[in-house]
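Just below sit the structures, each encoded as structure tokens.
Paired with chain B in one complex and with chain C in the other, chain A is shared by the two complexes that follow.
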Partner chain A sequence: MSNRLEFKIWLAHRLSAMALGLFVVVHLAGMMIAIQGGVSAQEILGRTSGNYVFGLFYSLFVLAAATHASIGLRTVAREVLGWKGWSAGILIICFFLALNIVGVSAIGGLVL
Partner chain B sequence: MNTNRDKKEYWASFVQRWSGVLLALFLPAHFTVLSLVLQGEQVLDGFLYWADAPIVKFAEAGLVGLLAVHLLGGVRLLVIEFFAWKEWQGYLISVAGTGAMAAGCLFLLRAF
Partner chain C sequence: MINMANNKQEIKVTIARGQLGVDFESFTVPYDEEQTILDLLTHIQRDVDPTLSYRFACRVGMCGSCAMRVNGKPRWTCRTLVRKALQDGELRLEPLSNFKVVKDLVVDMEQFFDKWQEAKGRFEPSESPVQEFAPIKPDNAKRQLADEAIECINCGCCYAACDVVASNPDYLGPAALNRAWSLVNDAKDFAGPERLKAVSGDGGCQNCHTNSQCVARCPLQLNPTRSIAGLKKEVSLATLKGQI
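Let's look at the complex of A and B:
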């Protein structure tokens, strides 16, 4: 693996971390406000249906979380398990794609 | 020399890594639950009813604490990596631990 690619992966991990710093604070604050008094599907959909700002925010959140989590797991697989081959790379890419697909489709269900 | 600060740094690194792994493995489950809305409101409500149990709320508070400790520990790492070392940065480990506990407790207070 070239040093240049490794640097790009490291940078993507750090940039996604910076974005997540903002997303997570907003998400946690929003959850703590929303959960009081219990939540129902109707109440959630009442807040999210047709809310495209919510949709954009959470789509970017999903992308950043999938990027950060995938690269983090890749690092642990390499450093803890010594698993560096192409099989690890393919599994991590599949994990990244699956997170994006499930996450964005869930947001689609909540917003559209 | 294995000073007290080295031990703190070691545990901060240990918590950062393994909280990240747990959160990464939790993400697919979280997104899958959210995507239940695609199957209808009743399906999501069925899950939300289950999630109203006290033990699930305590588990969720643990997740919030895990997310907060990973977030605050991550901010500490970014500060160390992108800014020159300053003595006060040593206190960021304590800030991360305290902030995570506070976030978990605040979640519990709101959830019940």
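Let's look at the complex of A and C:
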């Protein structure tokens, strides 16, 4: 493994954490505003359907969450379990892809 | 346990012996109020067991060679009074953690200094002669950062206290990275991006968990954790700018 790759992975972990900090605040604020006076599933879909800005925001949110969680698990696997081999790498990549697929599918259900 | 015998206090000292760190030997020795642990060891070696091995040089807190674990914590024995380190009236002396033991309380510092070199802890002058004298004033921000880190004497206490070194033997450790940070802030040093690359390899600064055990155990009250945080920031910016 390139000796600079480890630092870049660490940096991606930190940058995704910074992005998540912003996304979570915007998400919580949005939720608090959206549910004022109660809201039904029909109303939610009415607001999100065709809203591509909403879709882009949550796609970036999913990407940041998947990146952060996967790298975090990779660190736990390496430092706690001592699991550093290719098998750990493949599992982490699968986990990263699975989080993205599940997240983007949910967004697709709301936006498309 | 402290006994009074012939008007002199006695103390039980348990010392690690051999190479494996699993054999211990206990001695009951007299001590005075202002005696340091190094004085105590010297008494044991001279008067009780001449085969005891330990390391010291300056005896006044300048060289760092007498560092060892005192009741589990890395300390300079020349600057630690026995009465201040006692726990339940007893002392337990062991070699520094995270180092290979040579014998008794003496450790092999080779890997520690190899990592110092690996982090480019050596001053790198300009390749061509410098034409103009560059004054670096005391209030210069980078000089102040370098000043905070420069007093390290490489005793190894921070390295022994670091739990990242314990779990990842490739980690460069607080002392080497602290030294690199002092040079990153030295306007007369020209290693530049090469040093930033050196401190961000597999065992680089990104491994630090900021637990600050190094800060807690540094006998000089230096702050290697802050130096490492500075390196993380510098390397991150250089990476994002495509400079390294």
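Definition applied: the second predicted complex is superposed on the first by the 105 of 112 C-alpha atoms of A that agree within 3 Å, B and C clash if a C-alpha of one lies under 4 Å from a C-alpha of the other, contacts with A are read in each partner's own complex, and residues count from 1 in each chain.
As a convention for this text, a residue touches a chain if its C-beta (ideal position, glycine included) is under 8 Å from a C-beta of that chain, and two chains touch if they have at least 3 such contacts.
This one's a predicted model, so the numbers in the text were calculated from it and none came from an experiment.
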item: First, second, both or neither for A:Cys94, with chain B first and chain C second; value: neither
item: Contacts of A:Glu6 with chain B and chain C, given as first, second, both or neither; value: second
item: Touched partner set for A:Arg14, first chain B, second chain C, both or neither; value: both
item: Of chain C and chain B, partner touching more chain A residues; value: B
item: Contacts of A:Leu22 with chain B and chain C, given as first, second, both or neither; value: neither
item: Chain B versus chain C as contact partner of A:Gly72, first or second or both or neither; value: first
item: Contacts of A:Ile35 with chain B and chain C, given as first, second, both or neither; value: first
item: Footprint overlap on chain A, comparing chain B with chain C; value: 14
item: Complex contact set, residues of chain C against chain A; value: 167-168, 197, 200-202, 204, 206, 235-236, 239-240, 244
item: Chain A partner contacts - residues on chain B that touch it in the complex; value: 17, 20-21, 23-24, 27-28, 31-32, 34-35, 37-38, 41-42, 44-45, 48, 52, 64, 67-68, 71, 74-75, 78, 81, 103, 106-107, 110-111
item: Contact footprint of chain B on chain A as seen in their complex; value: 14, 17-18, 20-21, 24-25, 28, 31-33, 35-36, 38-42, 44-45, 62, 65-66, 69-70, 72-73, 76, 98-99, 102-103, 105-110
item: Chain C-facing residues of chain A, complex; value: 1, 3-4, 6-8, 10-11, 14, 79
